[in-house]
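Shared between the two complexes below is chain A, which has chain B as its partner in the first and chain C in the second.
Showing the complex of A and B:
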């Protein structure tokens, strides 16, 4: 917890603090106004209430006036109170498979980190390939990306950060000045961001999107299918990202022996691989295997929870060891988002918005993908990627119905770009961690990130246009 | 006719501080004054209130005081200072009753807290690591040896009992916490934090802290956030060369530049007029002290100017004691500089051991009616509550704690 002192003139602070109650008062009045408007043609009264609630939640998610989880809890209690869904149904949605998958994934990742296995892998790879400046940069970048295939990108960034910081200091790179220092931390951030969209495990947003899709339409996307569809985008972006980092921030150093010495020392410090690391690694590998090949049959949440139980049966982890890795706020937030999304869908509100409001924006399926992916990639730079999904997906699924597009396609068009935040530290914790080093500035990140964001959007749409049909996704 | 300062409280205060006063035991007894606890205590002396609520702590027990032209006399229950040519009506501050009390752990409360003017001054740990390294400030008479454990560390409860007793008796308005040097990056705020928090939780009062400049500015933020309403980082000597000579510990382990930087930063965090620094008058040329006054006031810091007087057991004794006439212009300059830079003078008030900036008005002939009216208001019960409420509101508005929220 950091103390911050607002040094603005006191009258400005008073006004800005006074805005908060005014904001909530205004929001309450807006809600009352929307709910009391005459119900438009083609929309049910439940649909009108769902839209009113959706607008309020959207404003709260975008402005961040309340923590995302609290907005979600507000949505959960308000849905039955307004009679949009009944109580039992509403609270049952909180037990969605996606929520339990996320919970299981948090615990498994926590066990891997707690055992020290993830740090060992990171150090071993950097030790092996980090003897040249390009090798070190590439190994950090690819390591961040590949670890983010298997665990939350935020956790990967947090885990690798102290190691990269030590490397930067060990090489005597000047914070804010060294071009190679900027490249190292941008590699860390971008590796996590790009790798994080590759599988269900890189962040909780993909399971959220899949969960919302399943609740709304009954359609499922399994672990393997998602990887097949998304992997080319990830590979191309990894290549572009690496070229971008090296182009924007060319290395100014040649002598790498200090970094090598650091790795040697660190490797000695962690000693030989322990029983706990072996065991957790095996559980993780088995879990991923089942997710990939039996996920559709057994259910990814079931596999995750069985693995968690296994970790405890084998005494590989204690509850207090992993408690700090479980982000209960995220879990609450996702439960609420799924509830609200389902309320929008079942009340007919999402379809009504798609038919009457957004249908003019796009005239073809590819245009819809382009518009939604663009909206998503822009919004995710400024707000939580989960909130972007919670806002756009219910409407997107409604649009899919109008244009006879598979709802899966819209889900991809939103879930994948929602993770591709390159520009700002507030966009995603991986970026924030990189900027917090002092080596890369917000300006550096914004400059290089804007180019990367544009390229990512183009690559995603090109892959959708030319590759997706090859794997059976008909647009 | 003999030159007299009796009718100018500013001059009289300085003259009394420099020359002391003669007083016999019978008068002291009538005034309800007991001897001070320790001769090496910087604030040892007789607390007298001169006209215009001008508080002064006057040496009376030291040898030089026996040669003073001033004498405290009592007539019909009233007290006067007599200088051979005339007299002026004054009040003598009786020794607080709570000095006779002990904490529940058996420590005399007067060991923990001493009242001076409107302040109760408390040093929870009477230790300074400079003494261990033989780099203590050369004028200091403390011998505050950490390892020697001369003074024990008072607990939060003991401090609370002392503050409670002082406030119950109505003897203080503000708590002044201080700490000596310890080699930490926080300047002592981590140590003082539990005391500040506990005092704020139990009393509606303002707190001033005297500490060392922390190595990082975030500790200045922390000081304000935990509840300090005023902060003092005492540079003591503005002249660079003399600072090195007289304050070797401060020079080596903190550095003059860090003092100035921390003060400059603190002035942007704390309210106007609540960041202060001592400059000792008499240990450097008055021109240098005046340059320090100009520098500090320009960055929003209040210079507080004690007059140098060698203390018993201090290493620095070779300095000539300046006369009142020599130091008076410095205080006039202080008043003008503070006014020119619009620095609030309400906070630094009723200090008996130094001349406050507002008391500087006596040296330039300014009545400063508005300022004294405001200061007098803040000394009333209503004013004290208003000051506390405003300080609390300001902190509430300015301080926020950030933690990652999803």
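Showing the complex of A and C:
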């Protein structure tokens, strides 16, 4: 038998073994303390319980002591147990339209990945434009961004990573040393991050935020409307990001023929486009068309699920394939976040926090947007972007009610910056992938990312100030 | 450890490389030391799995894609790390052959300190050469480098290159 000896100092071993039970004991005591405090004036008993549960879930989401999905399940069962909402209402929230939209969008993205269509598009574009070092960098960056308009940014990053790695190796770029190597992987990560906020499809955080908004206020944001509001921010950030990458990491190479040879070989390897790729591409295109122009009328979740059924009717995928391409656990996270957000809203807890705890600093609607977007963009660097939305949006919607701001505005101010995580590998899988290549170091990413984060926040607020009124969003 | 006529003679020199710790200076030094001492050069390459695991965990916890693409991604990263390991070992082997130094190579993955000590004990190493990454004063204050841990725990002398 192989006996592993823990060679660490004894005090570290004791702390590391005892920390977890102590943490949960402390959390339990904190929960009991909060729930047994005298109910403050203006807050209902249900509201107090909702806030107590919210604090516990927030701590669990921030610390990551439990998987996000498990924290969400805990929230779902605790809401009816504490009498915040009744059981029927609570579990019905899990069947929210946003959850089914996310489910459908994940399945369609899984089918696209499985068919190989996304890899073919990526290679074809790189082959066409990648003959110069700026062309290659721009094509990776814009590819990552534009593919993230249509499928999850994480899927795009995972799909493009092996291709970019082969390019870097083909060009003999030295990991950790080559400036062009850093630029390639940072382009991949930032392209995915910026592109991921452009539509509902780049990440599930936007449907989550829209779902929470709808449950809390009955107000909806449709697919097309979101794109119109957010697109200028995305375009400006894409430009700034590209300039930033090329400025921070100028290219040191001239000869690109090795990359061209690689693309030629890869294109030969994948052969001619197959029936499955065509068909999945057509289903995807039709689905996006319907989401954009008929989403408000037909319902985006309905369109997504009908498309999924279509994929199976046309025998383009098998259930087994889809099972492997979708992270089912994360869907629980979204269901739980919507339940908790609604519990905060309906119990009056969100409005009470907005009125009593944080209303003093809020001098104007723009100040509220600025503060919420700043808070979001900072928090999202250290934790899951969906968790940031789950924590901030209920309070934000409460603030909107107090200051007579359209709750949509607060939703944008949280949902969009929640996706803009540039600084650390732990912020988002796209960053983690880039750092894992060994070409970009954590320090490179943190330095360039901090500048990008600040610029993203400024751009977002300027767009909110000057562009939103032009498209009917009155702040 | 060989001792002849009261003069210490080295038997084995260990050069420890890893995914994020390689250095041409350390390679040159280790080869030179082994040649000078007429010792065998053992090169240990540790494939670091922490980052790959972190990426995989991140996808499992907050990612939107399922097990298959996550596993494929983790495999692609590991394959790349292994490839880099072979390339580094190849470089050292060439230098050792040029200097006529007896050479042995070990590739492994897992905990840096544990694996290094395992090889030190197995080969009865006299001097180990390790590479330490330059770290900020902030990080130095709050956490100990694995190479520092190795220096403390290793049953032999450890020479450290900071790069």
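Criterion: the second predicted complex is superposed on the first by the 465 of 475 C-alpha atoms of A that agree within 3 Å, B and C clash if a C-alpha of one lies under 4 Å from a C-alpha of the other, contacts with A are read in each partner's own complex, and residues count from 1 in each chain.
Note that in this section a contact is a pair of C-beta atoms (placed from the backbone, for glycine too) under 8 Å apart; a residue touches a chain by one contact, two chains touch by 3 or more.
Being a predicted model, the structure only gives us computed values, none of them experimental.
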Mind working out whether A:175 is in touch with chain B, chain C, both or neither, as first, second, both or neither?
-> second
Would you sort A:113 into first (chain B), second (chain C), both or neither based on which partner it touches?
-> second
Tell me which partner A:203 touches in the superposition: chain B (first), chain C (second), both or neither.
-> second
Scan A:138 for contacts with chain B and chain C and give back first, second, both or neither.
-> neither
Contacts of A:240 with chain B and chain C, given as first, second, both or neither | neither
Quick one: classify A:17 as touching chain B (first), chain C (second), both or neither.
-> first
Greater residue coverage of chain A in the superposed arrangement, chain B or chain C | C
Which of chain B and chain C A:435 touches, first, second, both or neither = second
Which of the two partners, first being chain B and second being chain C, lies in contact with A:68: first, second, both, or neither?
-> both
Would you sort A:425 into first (chain B), second (chain C), both or neither based on which partner it touches?
-> second
Taking the contacts chain A makes with chain B in one complex and with chain C in the other, which residues are shared?
-> 7, 67-68, 327, 329-330, 333, 384, 429
Interface residues, chain A side, partner chain B - complex | 1-7, 10, 13-14, 17, 67-69, 327, 329-330, 333, 384, 429
The residues of chain A that touch chain C in their complex are 7, 64, 67-68, 106, 109-110, 113, 152-155, 158-159, 161-162, 165, 169, 175-176, 203-204, 323-330, 333, 384-386, 425-426, 428-429, 432-433, 435-438
Chain B residues touching chain A - in the complex, by the definition given at the top | 218, 221-222, 224-225, 268-269, 394, 397-406
Chain C residues touching chain A - in the complex, by the definition given at the top | 19-20, 51-52, 54-55, 58-70, 72-73, 76-77, 80-81, 84, 113-114, 153
